[in-house]
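Alright, structures below, take your time with them.
Next come two complexes, and both contain chain A; in the first it sits with chain B, in the second with chain C.
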Partner chain A sequence: MSDKLKDALAGLAAGPESSDAAAASERGPAADPNLHPSVAALRERFGSAILHHEVVAGDEHVVYIPADRVIEILGWLKAAPEQDYDFLKDVTAVDYGGGRPLQVVYQLWSIRRRHGLRVKVELPLQALEIDSVTGLWASANWLEREVYDLFGIVFRNHPDLRRIMMPDTYAEGHPLRKDFPLRGRFSRLEQTRRALAVNLERDYTPEELQVGGTPVQIGTTGASGEPRP
Partner chain B sequence: MATKTVEYLIRRNPETGMDGRPAAAPLFPAGIEPELQGEHMLINIGPQHPATHGVLRLVLELDGETVVRCIPHIGYLHSSFEKLGEYRGWNQIVPLTDRMDYLAPLIYNCAYAMAVEKMMGIEVTERCKVVRVILMELDRIFSHLLWLGTTAIDVGAFTVFLYTFQQREKIYKLHENYTGARITTSATRIGGMLADLPVGWTEQLQDFIDGLPRTLDEVETLLTNNQIWIGRLQDVGVISPEDAINHGLTGPNLRASGVAYDVRKDNPYYDYETYDFEVPVGRHGDCYDRYLVRMEEMRQSLRILQQALDRLPGGPINVDDPRVILPGKADVMTDMESMIHHFKLVMDGIKAPPGESWFSVESSKGELGMYVVSDGGPKPVRWRVRGPSFINLSALPKMVEGHLLADVIAINASLDIVLGEIDR
Partner chain C sequence: MGLSAGAGKLPVVPGAAHEKDGSPSFLTTRLDVVVNWARHNSLWPMPFGTACCAIEMMAASASNYDLARFGMERMSFSPRQADLLICAGRVTYKMAPVLRRIWDQMPQPKWAISMGACASSGGVFDVYSMVQGIDTIIPVDVYVPGCPPRPEGLIYGILMLHEKIKGESITRSDLRYELPDPYVPALPDEKVEQITVPFGNSTSQNKVSGLVQVTALKRPGDRRS
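Take a look at the complex of A and B:
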């Protein structure tokens, strides 16, 4: 094996390099809140709870809020008639590595008013918990499950918080974290052993129906708990 | 905003016979009789089942033939493209993008390049913009044609599949002539395309544009007024506009519910506001409306294709930006600085400045969002794909509960999912 290939394999095993630029996750310069109607209104209503506001990539407005006020602030953004963010495009997370806090990123859009806003929440690695927004937007259900699965962030009051991409029995951790090596934590042998030990019969038992939350009755409520029309 | 409401041409009653008079016996059970509710049954569909359009597994709890609960299980194709992207240079991610939605690979290639270009502040050339519009609209048709053929098979009509695949083969050939690959196109680079359009390509595209409407007409003759097609799709899988928005549906699935949200109109990119086209919206939000919306979208895409072909400007296809674009081959061979530049760009990769960007495009399945975060290095810190199918599929339990088992197949087909992008 050539030295170059050895280096490459060692690099893969060591995991992603921690970012060189220490300033990368630091916030950019504060932008003028009057540039975006929602930011000015947020500043007026929530004052110091709007930790920071910046403009990235020319026209994208980012607002940082504290983790314990997510439901309050996002709920207001959805309900206030002049904001009207009825469409949650995306929930994801960003790990900059090097022990820096994880960012939870919400992409909001108002279909009627045609404006968008990005809301970020920073969570320290010791306290990766945040309230679920599934009560506001049903689309958050799978998106939050994905963030939980791949980053290990726990969403409180989520109706069905379990792994979505990785198998239920996956024990190697949360793959999109920077401290997770590209090929997994276990050796290839251990991964194969575990894969062969899976009991496939389990997938076809009535217990399978218990994984999706509590059963619902036809004609009364749907999966989301709302009454059917 | 120019919208076009697609409407049924026929009476909305699945229980009429061919002559329009009420059928003697109801074709469908009138409802669930409460006294027949008995023990529930557990049914497993997939992960290897042709009607799931990939490796999707659905666990259904049935009361008789009625679905009480539906639990989708995904992740069988998961290969963590987003993690792989963190180990690759900015241009090396392009081949990962077309392996997500292999039914519309060029839309994903373009969307990714557009997100990185936005983050780096690069404005691509006019010719590149128009070429990308052509490629994206071509792949919208590419994807809708596959949807049409496979959905018809799911609902019991085989012939349509042959009609649509004959046309898809022409798009495969267009892909191949331009990029060298039929599916894994990898056509974009940061700041431009892999190459300019080859000689004769636009004529080949013109042939396709001229030929497709005839096939669409033939397919509509086969399906639109077909009693079985109507019976299987009308009033099946209805979702209200409010629920559709709340569940994050986008694309034809949302527009079939009557919400005229199309990224090309609401947040235009690449001069889409200067193209003359309409956004089809449905009125009932059922599977049949989703069919009508997609049929009309193909015709509108043809209009955009024709306009883009007519306005295709000359000039370079790549930006003149030494940060991202390799110097010309002749320069590399004769000029020392160009050779060093070429070497540095290949060995070190493109360096994007610290920052982040979100770029939304209207994919064939719905709103495709690409989110890239850079810390100034040659590799991304985070590359996130907001896949439309992933979120459309999450609304499936809401849509199938209370329907018959056979309708699950029709509703799942009508959502137009692609598992490569759901599992990523």
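Take a look at the complex of A and C:
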């Protein structure tokens, strides 16, 4: 067994409690901001709000920003003409365990300029709240619901923040957190009972319950009936 | 099996086939045999395919393996016209009430095959979101092991079910029952409780469920002639 694996297992066994050894950041060495035009522009405009910049996996540029300035910085990345990040590919989160802060990850892409950027926000376990970016990208809606469901991070001002994967009545917590037991918190009997107690008519709409219903095509025509460009 | 009652003179029907040599042209049998013969030769499967096992199930129903040989050419995608539920693949707890609802929608008589390791015991997915064996949700007649089972495996399981159906009797009311509503686990509480231990599904469930009796297993080749 390698030392790295031993450390990882020890970290898992340590659970969610904070410790000085575990408080070490997951960040890598700082990279040259001039390698990526957006990072240089961010440094120039926001200065110390760009907490850290690193390059992972060869050419993946990662920028760390503070949680309270998410809307401001991501909004600028979307609106500034030379940045033009018009596509939010993914919103997800990472829990490294050992009491370390959870990281919320925004994966941005500019369709017109063909460049990408990863933005990370670190949230301490005691304050898992962050502003929703659904106002900037509508695609954040379900992605933020997924992060809320599986990590328990609350997105302020989200239009519809409820579970998306686990049942609405799920009471065991948020499964992708490192402090979540692999088999869940309840016994198999209780889990089976609760699963069977779900009222299908209440939790699914008639359209979802109808098998082989008429497919609905959306978004191909505008209000006037003209095809969208 | 001929009718030999009334050992004297057999009634002679003018024009009937037995008129010439006196042998009877009909035979008697048990109603069970006729009913079971009809049932096991025309099982209409309801495919509940959720994972890779479903690919093997499709292969089994395609031309190379040809389930139509057993009267199963009609995959019934409506539970209302199905006799046999084939649960092929892993079932999450979120799907558990859906599986039970589909089972409830099937008319009697009905049977269930649990295809593959995940459906039978949770397989490698001993995690928070997975049903540890669908026999906690619905009653299962045949478990087909494998990950996934080859089409031959599924066909073997179907032939086992044929043997099981041949041994049924229409006078046995305990074979045909509906599960209670509102839904509760299909197994007794203590048996579901016993699979809470790590990999309890694989190591002890089949033993504790009481659903598997080794002596009851019969190879299609051992069929009585």
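Points to keep in mind about this one:
Just so it is clear, the second predicted complex is superposed on the first by the 170 of 229 C-alpha atoms of A that agree within 3 Å, B and C clash if a C-alpha of one lies under 4 Å from a C-alpha of the other, contacts with A are read in each partner's own complex, and residues count from 1 in each chain.
The criterion applied here is as follows: a contact is a pair of C-beta atoms (placed from the backbone, for glycine too) under 8 Å apart; a residue touches a chain by one contact, two chains touch by 3 or more.
Just so it is clear, the structure is predicted and the values come from calculations on it, not from any experiment.
In the overlay built on the shared chain, the residue A:58 is in contact with chain B alone; chain C does not reach it.
When the two complexes are overlaid on their common chain A, residue A:167 makes contact with chain B and with chain C alike.
Contact with both chain B and chain C is seen for A:175 once the two complexes are overlaid on the shared chain.
Contact with chain C, but none with chain B, is seen for A:200 once the two complexes are overlaid on the shared chain. Judged by the number of chain A residues each one touches, B leads among chain B and chain C. Looking at the shared chain after the overlay, A:187 reaches chain C, while chain B stays out of its contact range.
On chain A, the surface touched by chain B in one complex and the surface touched by chain C in the other have residues 166-167, 175, 180, 182, 211 in common. Across the complex, chain B meets chain A through its residues 32, 42, 44, 59, 61, 63, 66, 68-69, 71, 74-75, 78, 80, 82-84, 86-87, 118-119, 121, 240, 243, 245-248, 259, 261, 266-267, 354-358, 360, 367, 369, 371, 373-377, 381-382, 384, 386, 390-391, 393-395, 397-398, 401-402, 423-424.
Across the complex, chain A is touched by residues 77-78, 93-94, 96-98, 100-101, 126-129, 131-132, 136-137, 182-185, 189, 192-193, 195-196, 198, 200 of chain C. In the complex of the two chains, the chain A residues touching chain C come out as 166-167, 172, 175, 180-184, 187-189, 191-198, 200, 211.
Looking at the complex, you find that chain A touches chain B at residues 12, 16, 19-21, 23-25, 28, 56-58, 60, 86-90, 92, 94-97, 105, 107, 111, 114, 116, 118, 137-139, 141-143, 146, 150, 163-167, 175-176, 180, 182, 203-204, 206, 208-209, 211-212, 215-219, 222-224, 226, 228-229.
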